[in-house]
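Same chain, two partners: chain A is paired with chain B first, then with chain C.
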Partner chain A sequence: MFRFPAPRARAALAALILPLALAAPAHAQTLVIARDMDVNSLDPHRGFCDTCQIVFSSVYERLVDLAADNKTIIPLLAESWTSNDNQTVYTFTLNASAKFADGSPVTSAEVKWSLERLASLKADPGFLMDGLASIETPDARTVVITMAAPNSELLGILAAPYASIVNAKVAGAAGAASGAGADTADTAESWFLANSAGSGPFTLAAYAADDELRLARNDVYWRDAPAAAEVVIRQVKDSVTQAQMLQSGGADIAMQVDADTAAGLSDPNVVVSTVPSFNFVYIALGAGAEGMPIKMTKPVREAIGLAIDYEGAIDLIVGGEGKLQAAPIPNGFPGTENLPLPKRDVEKAKALMAEAGVAGPVKLDAVYPSVNVYGVDFNLLMQKVQQDLTEIGIELALQPVTFPVWRERIGATGIPVTAVYYAPDYFGSGQYASFFGLYEGSPWYNRSHAAKAEDAANPNMAEKMAAALAAPADKVDAAFHEVGMEMISDRIIIPVLSPNLILAHRANVEGVRYSACCNLPLAEISVK
Partner chain B sequence: MTRYIVRRLLAMPLLLLGVATAAFFLSHVTKADPLSAIVSERQMNNPEIVAAAKARWGLDRSVPEQYAIYIGNLLQGDLGTSFRTRMPVANDIMARLPATLELVLFAMVFGVFGGVALGIAAARWRDTMIDHAARLVALIGSSMPVFWTGLILLYVFSVALGWLPGPGRIDARAVPPAGATGFYTLDALLAGDIDAFLKALSHLVLPAFVLGWAVMGVISRLVRGSMLDVLEQDYIRTARAKGAGERRVLVVHALRNAMIPTLTIIGHSFAYLITGAVLTETIFAWPGVGSYAVDSARTLDHPAIIGVTLVGAAAFLLSNLATDVAYAVFNPRIGFGGADG
Partner chain C sequence: MAEALARARRPSWLTVPVALGVVVVAFWIVAALTAPLWGLDEPLKMVARRLQPPSAEHWLGTDALGRDVFSRTIHGARISLAIAAVVVLAAVAIGAGLGALAGFFGGWWDAAVMRLVDVTLAFPPVLLAMAVAATLGPGLENAAVALVAVWWPVYARLMRAQVLEVKTREHVEAAIAGGATRSRLLFKHILSLCWTPIQVNATMDVGQVILLAAALSFIGLGASPPTPEWGAMISEGATQFYSWWIAFGPGFAILTLVLGFNFLGDGLRDLMDERSSR
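== the complex of A and B ==
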């Protein structure tokens, strides 16, 4: 057992080291966040990552925002809006007080320029503008967005940080382009790594990749000023190191402390709380993958789903800090209420395997990205699944690989059994239907190689998804519930768990909360 | 000697070009698509987006074409743009190199001086408690994983005792010293900012100790073995017979010869740590070249991979040169070859 040195020795050691010790924090209004940043761009219309959500929603603003209940759409740059009956035309009225960090007003021209830029850059978040027909600006405060097809989720999409409104004059002078040809004409990405052009509560002060990102309070912010004068997001990869920074006062908030580390944090100066997240981890089955010794028919897929010990996985992998999830739509999103949660039933699984004519041990390749995401160690997850499936005669050959290798493999030949994760891009269930739905051309239709399997494609999916997007507000939940049921019955995507989010911060920090759109709303946080 | 050094330096660009060529083709051997570092999961399914990304990053060209463009740019000092950070690779490396060099230099100072001192002591007092203690320190340093040592020391000195700061080059709430070198300690001193110097130094203590301890372990074992050999030589007996003091015998007569094999390890360790201090950088949130290299490799960031390979190769070439020169300094019988040898 470790014991600290005797008092005299400690005093001597302290005398040697104390002159080097760090002085008390000089800037009390500086909020320091320890985080493993995953920034891939700081251009709000190109970047696409969890950290991007935090930064973009702090530096830029959207037409609308998501309230703290993570359900209700509330005004932001737009003070009001209306839509036609079939939800194809949305009309927004901008707040007359809204202004950018350079003092210029936010007008409908900037909104049109920004959303058209998002649509035309051919970058990662561009899919949010899929189906955009036109944007009209009858006057400086009115924006009319017309969609080619009904879209009940447009407000949720416009609340996403990627739908940020950018100061067109400032960014345009730096090479930003919008509209036809913007994907080749736009040269502003490097400028956005050192500058910002938003109307949000903060401005980008400095960014050093893999080191730190600094935000400074926007002194001319048009709404209530944020409490923190400065926010520093410090790159810290290791979960234990993040926790130690929190304990030593080096950080005010640690964003990726895992469940085991959090359980050991017994420090009166540190507050640890867990909240359900909208992230989830799932097993995916390659129904049409090459090289399988059996046909992965629906009964086999259902048997695999029934053989997994979901509760045990939550206990083992995230120390009980997780939730069951029924369909590949996160709990709390439209349509998820009363969906049947997964349950283990080994006897039924064995019967299904027998019914499918699968006898004796069957070996299946299980290639998966070797990552640790949202506190979930994928090696541990797959070992658990491997153990569970042996009970129904399936032996998984585990092959952890890097993400690029995994992508190559799943695209080329398919993978019989794999594991992946997903975090919401905006508040709305349509993103899940379009990503996980087994209709022709969807990402998981291709990845599962459904075209090569007998019963993997879902002929109802595209229609149900369109119906959900066209549903009036009071029928959206019911429509997405049907979409969720379809995806459950596909048995291609099997959610294993939704890990809780561990929010760890110093006791003198207030206002820390998890947002479905924006991850961590920085403007609400203060250090007492 | 000068001609020898100049000749070696002149050969370096050609060697580095060869390294760049090898690194370029090796990084293209893997079947995995670098687009996965550029295009998101969802958009990989969108042919229009994939085509636009390929065109933007030049991945729509054949490998020989890409190579010709890369080498052409390289000859003009352009290492390309990182797929991951979206910054010029040269800028990325120049931003991280001072952090790494500062850490490695401090670690090497600790490792070399500590290792040599321990090695001498262990040899001088062979098979005594001093020898055993020195060997134990060396064994722990070279066998304990740095991520474990790092976490434990961070907990003890930063969290429990509060004597030293936590991870990072400087406190997040402090303003980093501005200066030309990028070495926070040196820049702070040049600016006359003693407070900033102490802060930067305090952040260096733990990571440099952890990194240096591993080096110290190897060096002390090597110095001990070499010293034991040398101390048995006739000329040492002669020196003692002529009345030379023990300190003079050890430092002037024995150590000078015992250091020859150690120089190789010192040079190799220095070059290795430039790109190989990944675990220390991770635990101490040190924004250095090592973690950049690993992140680049993990995401198939080809320009960054080649850039880091060039830095590593340059470090090895320079350290080999320095080692060869040091050989001659420590032992004048070792020449430089050629006319001025």
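== the complex of A and C ==
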């Protein structure tokens, strides 16, 4: 039977517990996240990284947001909007109560200034504003955005954290510029590393590269105040250390624990949840790469696609925590429903190789970035693909290199077989069509050196892509489905798997979810 | 009585560690030479479920791709020993060659070689090896070149000192008086007396080269996957934290082999140079 300890022991116990009990609420105020940060800038119109998505969407706000279903566009700074029939003119009405962290209201002038700054800085995320014709501000609460060509995805783009609305007065005083010539006139990038000028639930308190990033609650936030008073993102490179911090209580959330490490975590204080992600890794074939012993024609490319053991790859590389993906458009994005999933068929692959007149072992260079992203170890992935391809007589010479070397090689001579990854920049399939589609001048048209290959360029692609972007809302899915089918038949980009996202957190943390636009919405998280 | 006799007969350099070193090094050399004959699983093939702990079937378990770690460790000896042998021989050939010429001829040639040696030795060896390997790109051959670039100056310095010392001995003067040609003087009368420290050093260095080669592979500058190189295997094991056996096999292999060569080098030094053993 349980008995209370003797009075003296009880006093001692109280003396021990009391400071802990007092300390607990203080801990509840601060949320610590362990993450390998990839920050390249904290200027929302210059930065372009996964960590940037988290920070920008917590410190700044966009006209619209993506709902928790990762599909529906919902109001944020704009309370309502309309568009014309052919998706070229969008009119937004701003929420009258929206205000920046310095208390000043968010007006149409700030929206125009910010979106024009995104376009005119010509930095990494600048492409999001491609095709912008004009932004008009008839009054302080109305913004009219006109596109040069139909763009059914503009709302998705405006929900991206890079389309953040910045306090023009505050940032302008720090050297920020917008409009023609801003790419040389703007001197605010370093200011943004220590300050912020947004209307979001948090403000940037401090940032030390390779150390930590601190966010403080925005006390005058115009919507529901976030639960955490402070968020600290700690730089922690590897998965194992992140897991250990979680176990020891040094972190509340670990964002990049890989599947194998997660499987080894058996701690009642740690919760591991797995959700499908919109990230994917793919094998890319350089149809026109230099120095290949064979011509990498469509049958050969198809054979390579059929030789890969996709199910086995999911099991091996991400410990079963992944999904098959049909086309280079992530599962769940417009047009991906019912696309045919890849399947292994070695016999058919061999027949295709024979038909293409390729006999005997063929040696192909496989240069790839030696990285470990989204829980996928590229060394492991390429060794798996190497084993699979030996069955159809292709021997890969694996050459792991750094990203700059990889980029140089693929641009200069092309790479016969390589592996890369992709994470969405905004919610919409157009980014995939324009990045992976094999129309003249596209990134992968150049990287696969399609101009030097017989049958790599896709003459239908440009037209189908334009049609999908001009499609009315109810036809968007069907139009992108066709785009997806074209990309599958090209057989240049072969998605291997979409790794699940592993979100590991302490059991007392609530509200952790994955967002297609913003990665991890910090304002929704609380520590109990 | 018998015990005392045995002790008296045992040469002073043959201590327990040295004997252990000989055994361990001999084991790994035999393993490297005969690995394909052991009937082990194919080191590059998936043979079982991934990440299985050690069992009777797979003594050191399986790695993240389901390959047998024991087989990969044994086959890894072929790579590590080969790279160590090549690097040490090349470093000795280049370093001792240049050092001998520097010591023998002196003058501007001596000054040039020794300044180059000084400059090279001024770099921390690991950093220099990394820099060279990174410049040349990943690959075992390039790692070997990088290691030679780091190691040759040691032998140049050692050899030069030896040559300078032997050059002044009386038998050399006698040979000069007898009209020996320069090449005969260098090769027959001087170099033959200079090898002892080089040999001892080279034996000790084999272990160090294995270690540094593994370090280069660990950081991705050495062997390309799927080569069963020990450093690369440890690197793979490091990401599989809870599957300790992946890194254990190659880690233990490096430990034993490096230790073995160090013991062997110690014994060799005592054997060649009785003074240092006392």
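Here is the rule we go by: the second predicted complex is superposed on the first by the 501 of 528 C-alpha atoms of A that agree within 3 Å, B and C clash if a C-alpha of one lies under 4 Å from a C-alpha of the other, contacts with A are read in each partner's own complex, and residues count from 1 in each chain.
Keep this in mind: a residue touches a chain if its C-beta (ideal position, glycine included) is under 8 Å from a C-beta of that chain, and two chains touch if they have at least 3 such contacts.
The structure presented is a predicted model; accordingly, all values stated were derived computationally and were not measured.
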First, second, both or neither for A:413, with chain B first and chain C second: neither
Residue contacts on chain A - larger count, chain B or chain C: B
Contacts of A:489 with chain B and chain C, given as first, second, both or neither: neither
Contacts of A:209 with chain B and chain C, given as first, second, both or neither: first
Touching partner for A:261 - first (chain B), second (chain C), both, neither: second
First, second, both or neither for A:240, with chain B first and chain C second: both
First, second, both or neither for A:104, with chain B first and chain C second: neither
Chain B versus chain C as contact partner of A:400, first or second or both or neither: second
Chain B versus chain C as contact partner of A:93, first or second or both or neither: neither
First (chain B), second (chain C), both or neither touched by A:146: neither
Interface residues of chain A shared between complexes with chain B and chain C: 238, 240, 405
Chain B to chain A touching residues, read off their complex: 30-34, 36-37, 39-46, 48-49, 52-53, 55-56, 84-87, 92, 95-96, 147, 151, 154-168, 171-174, 195, 198-199, 201-203, 205, 282-285, 287, 291-292, 295, 298-300
Residue ranges of chain A in contact with chain C within the complex: 238-240, 243, 258, 260-261, 263-264, 315-316, 370, 372, 377, 379-380, 382-384, 386-387, 397-401, 405
Chain A to chain B touching residues, read off their complex: 2, 4, 10, 13-14, 17-23, 25-27, 30, 32, 34, 40-41, 48, 122-124, 126-127, 183-184, 189-190, 193, 208-212, 232, 234-238, 240-241, 244-245, 247-248, 250-251, 402-405, 407-408, 411, 425, 435, 441-443, 446
Contact footprint of chain A on chain C as seen in their complex: 44-46, 50-51, 64-66, 137-139, 220, 224-226, 236, 238-243
